[in-house]
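Structure below; questions to follow.
So that you can tell them apart, the chains are marked A, B, C and D in the order they are listed, and the count of residues begins at 1 in each.
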Amino acid sequence: MFLGLYNYWIVVVLMMIGFYIIIAHGNLVKKIVGLNIFQTSVFIFYISVSNIDGGTAPILAEGFNQYSNPLPHVLILTAIVVGIATTALGLALAMRIKEAYGSIEEEEIQQRVNREC
Amino acid sequence: MVLLGFLVCIAIAIVRLKDLFAVVMLSGIYGLLSASFFVTLDAVDVAFTEAAVGAGIATLLMLVTVTMTGRYEHSAHHNSIWALAVVLVTGVLLIYGTLDMPYFGSVDAPAQLHVAPRYINNSMQEIGVPNIVTSVLASYRGYDTLGEVVVIFTAGVGVLALLSAVHRPEKDDGIVSVNVSMHEKYLILRVVTKILIPFILLFALYVQFHGDYGPGGGFQAGVIFAAAIILYSMLFGMSTARRVISQPLIQLLSAIGVLVYGSVGVVSILNGGNFLDYNLLSDDPVAGQHLGILLVELGIGCTVTSVMVIIFFNFAGRTEDHMRNERKSA
Amino acid sequence: MLAHLPILQVIVPLLAAPSCIILRRPGWVWLFALLVSGSAFLISIALLQQVMDSGVIVYELGGWEAPWGIEYRIDKLNAILGLIITGISTIVLLAAHTSIQEEIPEDRQTLFYVLYLLSLAGMLGIVTTGDAFNVFVFLEISSLSAYALIALGRDRRALWASYQYLIMGSIGATFILIGIGLMYQMTGTLNMEDLSRRLPEVAQTRTVFTAFAFLIVGICLKLALFPLHLWLPNAYAYAPSIVTAFLAATATKVALYLLIRFTYSVFGGSFSFTTLPLQTIFVVLGLLGVFAASITAIYQKNVKLLFAYSSVAQIGYMIVGYSINSTAGLTATLLHMFNHALMKGALFLALGAVMYRIGSVELRDFHGLGRQMPFTMAAIVVGSLSLIGVPLTVGFVSKWYLVLAAIENGWWPVAVLILLGSLLAIVYTWKIVEAAYFKAPQAGNEQVREAPLSFLIPVWMLVSANIYFGIDTRLSVQVATAAAQSLFGVGP
Amino acid sequence: MSISLESILQLCIVLPLFATLGIVVTGRYPNLREAVTIGTSLVVFYFVLQLYYGLDRGESISVQWWQLLPGLQLSFTIEPLGMIFALIASFLWIITTVYSIGYMRAHNEKNQTRFYAFFAIAIGCVMAIAFAGNLFTLFIFYEILTLATYPLVTHAGTEAARKGGRIYLGILLGTSIAFFLLAIVSTWFVAGTLDFTTGGVFGPNANTAVVGAILVLFIFGIGKAAIMPFHRWLPAAMVAPTPVSALLHAVAVVKAGVFTVLKVSALIFGIDLLQELPTTQALLYLAAATVLLSSLVAMRQDNLKARLAYSTVSQLGYVTIGALLASSSGIIGGSMHIAMHAFAKITLFFCAGAILVAANKTQISQMRGLGYQMPITMAAFFIASLSIIGIPPGGGTWSKWYLLVGSMESQQWIIMAVLLVSSLLNIAYLLPIPIRAFFPGYQTSPAKFTIKEAPLASLIALSITTVGSVVLFVYPQPLYELASGILATPGTIHGK
């Protein structure tokens, strides 16, 4: 049981660390870092699913008949792109917020916003 | 196992650290490690991409951002109790979910038995490309990939809409400061790059066109191309780089990439097939598939390169302006 | 070409977006975007026609049959969604040119239309696809473009709102990604149809349970279901008027569509409503949402914010209808989806007109508008009446069905609460009416003129739709009922 | 002319709406505008008369419009109760128009076009309500009536108007959405139909508990009937110009309320079922309480219009009682009271308006000796008061008589007592006004007063209504026949 699943458990731990950073930290850049970790961990999970004992990389070649599952690889390639896209946009927003509010700390910005309302 | 252990340590370190610069670096390392973990799991293409993105581009962008937004995080995390509770609940739910999972690497997991075998067994006859990932990516699930290209394009446009400065003075004083800050951080880089750039470009081309046979393809190639250009601009200053590569042109390229991909699909409709049905691009289906994949990968490469460049230029440019303003105010 | 309509509906806007970059000139781009969205609208009408006559349409992308390839699968449900999305976006675009001139700097305008089209394409992609992972991809297209669009708002709070939306949205998307991954792990497929066939075998596993939970939570984040709604009000309030009108009328509907699609089509109603106490959870959250949001709305000084909160409340109604888990309930939800799109489209577009003339939507700036902008204000009044649910407006139709469904289910208290909720609507809408008709204009606003035709025409198109579908309900009711029945596997 | 009665029926509803257009178009030329209004009102009344003769000949007239929701049709049909209501409303519209021309001009109000326009819409709704063939149709126009009268109530556009309008809309819309709509949906769910049917729709084996609950919802939901505690909108509506108060809040709106109550109890529940319901008795007492309490409140009002308003509340209570007595003479009394009270109360309001215009007085305490100045007005006031109280020569005599009979038939002694007591209260709060007007008591020589009556138009109007209420006393026969026809109608036309 442990041997069969330990890998997933660690992945879960990683995900949760990332998730924690996103919701608990007030620094906008750090939130994005957390988001990255969260997503990357999900990628690891997908790839773990695709893995197969005694398998090899899904590139057809003589002498291999056990290939690991290519589908998750494809999905994750796409997901990575989505990830970087989100990161880029998020960071861009963080820069603009820095310009507009002079800070990238959640509380300070929230205070300024409330003052405007 | 060991790698995973490392990953956990790094993640925890990231949580604790307040120095954003270190955090960013660690996240880069995190990306790199997970990439190597992917290699051990036989996911070479993914590893390649993750290395290029997680360790490369993402880190770079974060660095630029940090140079502008300030290096230290000075808020103690608020509402951490609640956050912890939420996280624990989610985590426990996930662990609970793993209990019925097929064991790691098991041969008879449904994922191995249902859809995948068709790809592994028939892709050679149907597509004629040894790299199964490529054939799935570009053909079986080609439409996802179109979506992927559009996503990256969207990001490019979004960044443009957010950051492209209305008027950018061509005075270089600001740029110097940026480069200085960069040089401090990438000292080795500066030395190596001068020699490296041509090789990088060459390598990119190889990756682009060799994607059918080995790991690689349009996306990875695009990132590498972009990396080359970015290095160049970091060495010779943004403005020089901008003179070499004009903004409108690069934006045009990013659009054209998507359009190339799309038009392949449209052509296959006009040839009486379904959208993105490469078989009809030529008389011989396999040849058609080859042609289709080639064009599609080109499209991807084109868009990814230009978007990456756009993003970096605007990030750096914005930082310049910001620093210039700060110096003015100071 | 008719066979290709399903894909065309999506790729026409999808490929039009990059083409805009080539066109450059905002004026042309606008016309082009309008043309594109209009043609997408026509396509969606044709599709609805086809579906109603000849049932489900399947389109295999790349010619690879599912589950190996990705397939587009159009049934009555997503045909309706397509109609709503394209219709609203077209009408909203009519007003875009004028409004954008005012609210967005010249050099951003082309990019604005590009993002707008991308967002449109993304939503259409979500609703038409029959592949779980493809949903995720297009979800990201629509979301990313939405973040950027919101950030284009003039007020600097728009940036902060957009960032919060980005974080929330990304968490939601990642949750959905996890859910899909777990489902894939247990079934080995990503195709919805195939999933619905293979999930029952493994339905009892804890993994599938987890997958379901994550999907639901992820979707509810996107749906802004109370209490996960915190990102929505500011995002809508500070986005450019056009964006608000478009997103408010469509975005949450798409999320709701996903909820319905996954619970009924993929997991199957019986599984969904037995494994989790969904019914209880959703009816409680829905009603809480209705009251909490409506009451918050009452205290808003910014009219856009006010209507944003009212949107959260309206989502509550839809969720209540959905939680009844009966054909009648689902019919009510779908009807309200359609009707609410009309109401909020009209209202926010009218607010756009006010924004255009006054440059603010603070309640105090509405003083005296009743005389100065009679047609715009009349539109807002009709929209408000529709929101309250007065007869001969669409609002009444959905209220009627919702209450009837609740009573059929023996949920008398729920029926009462639904109606009490609409009393709150009277309170917060009438604040505006009184401000506009009983107060003298603020200093500096004496010279305000009626909005230009480019605004009034689209606004009144939507308003008259509000009334038309309130009087002649044959179309909307028939389609909604058919869709609901098909989801429950009864009727034609 | 030879138009089919069906099309006449539709014209009655549609004409006022067209009139609205005409009024808006001709808004710039007051004379033309008012000519349009009067013309329409005359035509509409003529049409209603045609319908009346048709009904008298025993023809069954009904019209189906399109289905608003599956199975729920907009349909109109003529039956005696509706006929009474329509006759009164359409006739008094003419009078009120005449009156308001005088009033509005003398008082030179603003936005008169808007005033006449919404007035016409309101009348259109009233016609639709009167002829509604099923509860659904009735509800729709009931709601529209509320909205159409809102601008009239808040006509002045002042702060006071805003507050009044807020209460007005809040209570009427609120009750109708929260209770009335719920009641209708429940009825639709339980009975499967909303068509008005003699003997009710619920059928013999209906669950009396549920139906009883529905009855409560109806009585509270029909806020226009001003049953306590939902009566406050009526005094609040008195911020409106007097003609509005006169027609809408003495006739159209409030009568729409009690009319609905009567119609629902007679043709949705049916008197037999009504008697069995557990809730009827309680509601009956509530109505009685309303009658008494509002009379008491009325006594303490010094503002004339306010006093009249509260008196209206109590008079409406009579009709509700009549409906809930669930006996034939109760229904007859109730429906006759609609007519009687309409004529009497509109007269009183006309008087109030006249006093305001001519003497610019609103407080009762200022009206001592006013009789010397405005003899005609005060005389009219006196006669109308008699009618309200229910003593000859006022038409009110008959309706109260039948209500008493009804309460005796169903051994509701308490109710009977209430009716008698409240009549005494009526005397106490109405008669002093004209009496003081003519006999100021303390030494004041009539010479000090010079005759200064209201504008002629107004004077004519109020004399007509006074005569009307006297006529109803000496010649109530046709009204009685109509009223007694309500329950006897052969199975009314169904919505399908």
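To be clear about the criterion, a contact is a pair of C-beta atoms (placed from the backbone, for glycine too) under 8 Å apart; a residue touches a chain by one contact, two chains touch by 3 or more.
Just so we're clear, the structure is a prediction, and the values are computed from it rather than from any experiment.
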Distance between the centres, which are taken as Cα means, of chain D and chain B, whole angstrom: 75
Distance between chain centroids, defined by C-alpha means - chain A, chain C (Å): 28
Distance between chain centroids, defined by C-alpha means - chain A, chain D (Å): 70
Interchain centroid distance [CA atoms averaged], chain C/chain D, Å: 45
Sequence positions of chain A contacting 2 or more other chains: 15, 19, 23, 28, 49, 71-72, 75, 78, 82, 85-86, 89, 93-94, 96
Sites on chain C at which at least two other chains make contact: 133, 137, 140, 144, 147-148, 151, 178, 184-185, 190
Per-residue multi-chain contacts in chain B, two or more chains: 94, 98-99, 101, 109, 111-112, 115-116, 119, 141, 144, 147-148, 151, 154-155, 158, 162
Pairwise touch network: line, ring, star, complete, or other: other
Touching chain combinations (by label order): A-B, A-C, B-C, C-D
Of all residues in chain B, those that touch chain C in their complex: 93-94, 96-102, 109-116, 118-119, 139-144, 146-148, 150-151, 153-155, 157-158, 160-162, 164, 166, 251-252, 254-256, 258-259, 262-263, 265-266, 269, 273-279
Complex contacts: residues of chain C adjacent to chain D: 385, 388-392, 397, 399-400, 403-404, 407-408, 415-416, 419-420, 422-423, 426, 430, 434, 437-438, 471-474, 477
In the complex with chain A, residue positions of chain B that touch it: 1, 4-5, 7-8, 11-12, 14-15, 20, 23-24, 27, 30-31, 34, 37-38, 41-46, 49-50, 53-54, 57-58, 61-62, 65-66, 68-70, 73-75, 77-80, 83-84, 86-88, 90-91, 94-95, 98-99, 101, 103-107, 109, 111-112, 115-116, 119-120, 123-124, 130-133, 136-137, 141, 144-145, 147-148, 151-152, 154-155, 158-159, 162-163, 213-215, 219, 311, 314-315, 318-319, 322
Residues on chain A engaged by chain C in the complex (per definition of touch): 15, 19, 22-23, 28, 31, 35, 38-39, 42, 45-46, 49, 71-72, 75, 78-79, 82, 85-86, 89-90, 93-94, 96-97, 100-101, 109, 113, 116-117
Residues on chain C engaged by chain A in the complex (per definition of touch): 133, 136-137, 140, 144, 147-148, 151, 156-157, 159-160, 162-163, 166-167, 170-171, 173-174, 177-178, 181, 184-185, 190, 302
